[in-house]
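First chain A sits with chain B, and in the next complex the same chain sits with chain C.
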Partner chain A sequence: MKKQHLVYLIIGIVATVLFYIFRVEAYESIYSVAGYSDQLYNLGLYDIIPLITIAVAWVMAGIYYYAINSVRFDRWYHWLVMLALVVVLAPVVGYLVNSRIFDENGLTYVAESLTFELVNIMWAAVLFVVASFSMRWWSTNCHHTPIPQ
Partner chain B sequence: MRLFLLAIGGTGSRVLKSLLMLSAAGVRPVDEDGRPVPNLEIVPVIIDPHKSNEDLKRTEALLTNYRSIRNRLYGNEVNVDGFFANRIVTLREIMSDSSIQLNDTFIFNLSAVEREKFRDFIGYDTMNEANQALTSLLFADYQLENRMNIGFVGSPNIGSVALNEIKDSNEFKALANVFNAGDRIFFISSIFGGTGAAGFPIMVKNLRQASNLDINNRDVLRRAPIGGITVLPYFNIEHNDDHRIDKADFIVKTQSALYYYKETLTGANDSELNAIFYVGDQEVSKPYVYDPGEFGQRNRAHLIEMVAALAPLKFAGIADSRLTDQNGFPMPTMAFEFGLEKDVRDVDFLAFGPSTRRLIYEPLVRFHLLFLFLRTGLRGMIGQGFTEDAPKLKSDFLTSQFYRTLTDQFMRGYVDWLSEMYDNNRSVQLFNMGENDMSNAIHHVHTRKTLLGRKTVDNNTFKAEMNKLSRDAKYSTHTVEYKLLDLFNRAATTIISDRYENIN
Partner chain C sequence: MKRFLYGLILAFVVASMWSCGSSPLEKAVKQALVQQDTTQARFDSICSIIKTYPERYKDYLNEAGEVDVPALAKLIEQVGGQLRPPMYWDVTRYGLQQLSLTIYFERSGSMVPYDAPGGRGQLKKVVNDLINYFPSTGNVTINIVNDGIYPYQGTIDQFLQDRNIYASTQGVGNAAFTDFQKIFNDILKAQRPGNVSVLVTDLIYSPADTRDVSVEKIFNEENSLATRIFKQYEGKSILVHQFMGDYQGKYYPYNNHPFDYRGQRPFYVLVIADSKVMDAMAADAAYASFMTPTSVRNSYRFNQAESMVDYCVVPDWKDNAGRFRVDHRDASRLTKCEGDKTTGVMCFSVAANLNGLQKPAAFLAEAANYQLRSISDFKLKVQPIEQSMITGNNRAYLEGKTHLLTLTGKLTEPRDEIVISLANEFPAWIEQSTAQSDTNPNASGFSTTTLGLKEFLGGIASAFGTGGSYTTIKLKLER
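Showing the complex of A and B:
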């Protein structure tokens, strides 16, 4: 069983690394606008925002499974609250970073930035699910959350 | 080692019930070094012609429940720790000789005795005039007319005649056949009534004179380590104009019987018993309904019965070298008494002496917490935490035969037992009756203090501990019943030690 759990962790890490390697394709396959997407690429935001999203997803999963790790918060809806936090936190931080760097460069893409962060919400959710199923197995009280195995 | 436990009369059944409760909690006999006695099987045999006795029926039902719960938990495994640890079997279950017809029950079949009036049993009507006159001197009219299916109604002189037939019964032969060197026999009886007072010395005599009987293992049986607890007067009965049973006779009967026991069982020259335990209480119990037997006789559980139930466990733990000499014959009878550390009318754990507390405190607390947990916690945890680890505990577990037997039947018996002891005098209040809050469940024992107040214990405390244990332990080869009770037992051990004040 532990071996199987280790495999899940490795798969999760590999999937996350692959996401980061193919981050541009991952975002642009869903949302790509001439001008805005070029600026994201040129200003290095395709490096920073996916990194922020990955960090938020994995850190929040870690907090849930190992810091909270409580019998009082071991139901699927508690996990869903964490997911909600992730899909708020990752795009908000992403948007703030995006705005700041665009501002520093005299660029204004408010509508595009907001739409881009909607895409980021989706990836944040996916990454949180991946992180959850990678690391939950060693949690004392929440290793059956959100779906018992 | 097999411990044949012969529980005679109403007191025998009630003490056996207390022993069942202690065994369910995980109280095990320990040797003189404090280690659990290995390979112990308890073979209870209830000897009581009064089959409709409610106390007997309640005990028999609990014995059956206990056996079925334990079989489901541990199968035939003998040496286990935890709830329902002591293996309890029927004579039939361990009998290999198929030529002896025996029912698979814990009750000694006394059908030869219980059908008849005493006068018919002794053939009074066929006696000549002189013998009838002699018989009338020895037995009162109401005793001759006594229907023995209600017991011997406080008349040991009837019982001593009627129970002498036991040696010819299939149960006695079965016991003789399965008895091996190393096994022990223990009697539970009262001294102030009829059935127990008569049955105890007669059965001991029959065992010690086994060499005269046509049975196997005669010699082993003759030298068997035999112990017994003689329960001295401890309860009171309501006044009634029918004087077949009269509390005023209790002390006189006790004195007479003690003299008789001294002459025949425990005296320096006639040590038929290896060990004798005496327990009684001068504190008057709440009066029981006067019932010589016709109305079923259902008496409230009492502290004395719980204390008496510790005697066979103590006996099982005594070293062979203290019971028998080098040739296997009984040493002079060892006598034991029991005293509370505090002579109080409201008895809690702190009223017991240290050795009793060490034996019963933790197991009973664990069992009581299990009772609360099953009643208030488990249902809401299904689908979470440890219940999802293999083997999974699903909601259909709550409707399983095992769970219903444990909670609806055995635990109900446990609550009745606790409530009856609480409602008696002395009042036993080990736990705060009706209290569902685990932090306040143990009477006069609090949870430990911290800087922020006292520690709490609730279902979530258990859930967290069981989650931890379940993650680290592997139960996939065990049944879900075993997993649940073993996890709880281990969690409770940690929680009691970490969160409750230590009274041991």
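Showing the complex of A and C:
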């Protein structure tokens, strides 16, 4: 295990933890709308949705580098397919959770929820990149993906 | 590698717990606030969490093992303050179950005709209602007062059913005069924590032997007496209710030349309690009928401290014009304020719960009763909140609030502070209900006025200090 790779992993973990700690600021710096954002905050969705996004990004990266881990899928576009899956899966799950909790509380913010998930797409992509560069080094067949190093 | 993966998982768990890992008690409080379920049942369920884990939540239990309501109120304030908008839940009223009520029923000569057999008996009805609507009916005692305080000899049921209370209490004390100094001093001295005293009186100061004494002298004496008595009891609060009742019998004016009078006369109910008890009763729906009897004509509370009211800016409301953003850390701060692109006018609404101020609905709904200060000359409109105005999305802002304060104006400065206050002024009805002489029953206003009322109540007001506001809301606006 190279020391440099370990540093990448630690940086990735720290970045992800920091993202989670400052999740409200991270999301609201890009999208904040009166009423909707307050409800996300009060109903704990700023806890749940970022957690889902982190889990999807890191689990998908883990699946790619350690479960798929095949020379047949070690090209950059294979990694890009995983990224595409992440940016679809994370906002869809996030939206479903958001809708369900809002429905339970008699709230209707459809347009705002969709816009919020667009922001979530961006964070999901960033987190997938972070997760990829944190864990790729120990993959036997895909550690050169997406950018050989 | 395994070690790092475990580390990763641990980091997430720690981060998750750090952010949302509040205790079950805090979660229950937050849930109650977010769901706007601030009921006695919900409070009881929160208390049961504390009692289930007495070791964990020992800070919220008193020595007797009961829930320490003020400590729990602090936690609720802390949790509510972190929500958007900050939410409040006044739970102090839940500690009120043990209040006791002491009725002091004046039995002076001029009170007897209020309950004459031929009259409609409004006075007795009011007293009966006060007893019946007091939630802890088991803790009620009745006294008869005139030259002193004498315990009523019958039971509460006998009192309620008594059709001629003055006949059945004949011979109790000396009905020739009412010693306010002794009565109020005795009431206030006897009052223990958690006791609510109610004096039923015509509020006519009738000391012994006023023959040849000028009415001004009596007024001055009355005024000084009231101030002197109440100055000694700073923590008390007095709620004065005015009622009208049928009066059939002899009336005793200040010049000691009694005459027969048949008609209406005002009488008064003075509710005396510690200010904190009064605040808590005012905030508790269970005491609503006791605090505001149905037939009350006018009311005023003395020594009402300025109250904090629960309020929030409604971010999405039909009247809103221009743009603004409510600061997440300070709900009274509006940033990025901009007027409407076409008109330049900015309009926003503040939802406030004014219930705890114990003011009549008409008084609260009248914009003229509010004082507004701002550099940009904003105008205020007040509108009571109706159930039909509450929708799913605005529930968090409107539910539990009673009035919408809508502010309209053009923001002329980069920063402005809007100060809305509801002035606590000596009410006009007291002056309007005051007679300078009560010797002529045919004089206009005899049926609706009381001799020296302003002087006596003014004396109480002087004791407690007047002026100030019932509440103040400050809003900071920034471009």
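In the analysis below, the second predicted complex is superposed on the first by the 148 of 149 C-alpha atoms of A that agree within 3 Å, B and C clash if a C-alpha of one lies under 4 Å from a C-alpha of the other, contacts with A are read in each partner's own complex, and residues count from 1 in each chain.
In this section, contacts are C-beta pairs under 8 Å (C-beta built on N, C-alpha and C of every residue); 3 or more make two chains touch, one makes a residue touch a chain.
From a predicted model like this one, the values you see are computed outputs, not experimental measurements.
**Student:** State whether chain B and chain C clash or fit side by side on chain A once the two structures are superposed.
**Tutor:** fit
**Student:** Output check: A:35 vs chain B and chain C. Expected answer is one of first, second, both, neither. What do you get?
**Tutor:** A:35: touches chain C, not chain B.
**Student:** Mind working out whether A:43 is in touch with chain B, chain C, both or neither, as first, second, both or neither?
**Tutor:** Second partner only, chain C.
**Student:** Return first, second, both or neither, reflecting whether A:75 touches chain B, chain C, both chains, or no partner chain.
**Tutor:** Once the two structures are laid over each other on A, A:75 reaches chain B alone.
**Student:** Once the structures are superposed on A, label A:108 by its partner contacts, choosing first (chain B), second (chain C), both or neither.
**Tutor:** In the superposition, A:108 touches chain C alone.
**Student:** Which partner chains sit in contact with A:141 here, chain B, chain C, both or neither? Use first/second/both/neither.
**Tutor:** It touches chain B, and chain C stays clear.
**Student:** A:21 in the overlay: touching chain B, chain C, both, or neither? Say first, second, both or neither.
**Tutor:** second
**Student:** Quick one: name whichever of chain B and chain C touches more residues of chain A.
**Tutor:** C
**Student:** Mind working out whether A:95 is in touch with chain B, chain C, both or neither, as first, second, both or neither?
**Tutor:** Touch partners of A:95: none, neither chain B nor chain C.
**Student:** Which holds for A:149: it touches chain B only (first), chain C only (second), both, or neither?
**Tutor:** A:149 sits against chain B, while chain C stays out of touch.
**Student:** For the superposed model, what is the least distance in angstrom between any CA atom of chain B and any CA atom of chain C?
**Tutor:** Distance of closest C-alpha approach: 14 Å.
**Student:** Per the contact definition, I'd like the list of chain A residues that touch chain C in the complex.
**Tutor:** Going by the criterion above, the answer is residues 1, 6, 9, 13, 16-17, 20-21, 23, 28, 32, 34-35, 37-39, 41-44, 47, 51, 54, 58, 105-109, 138.
**Student:** So in the complex, the part of chain C that touches chain A is made up of which residues?
**Tutor:** Residues 1, 4, 7-8, 11-12, 14-16, 18-20, 34-35, 83-85, 315-316, 325-326, 328, 392-396.
**Student:** List the residues on chain B that touch chain A in their complex, please.
**Tutor:** Touching chain A from chain B are residues 383-385, 388-389, 392, 460, 463-464, 467-468, 471.
**Student:** What residues on chain A touch chain B, complex-wise?
**Tutor:** Touch list, chain A to chain B: 70-72, 74-75, 140-141, 143-145, 148-149.
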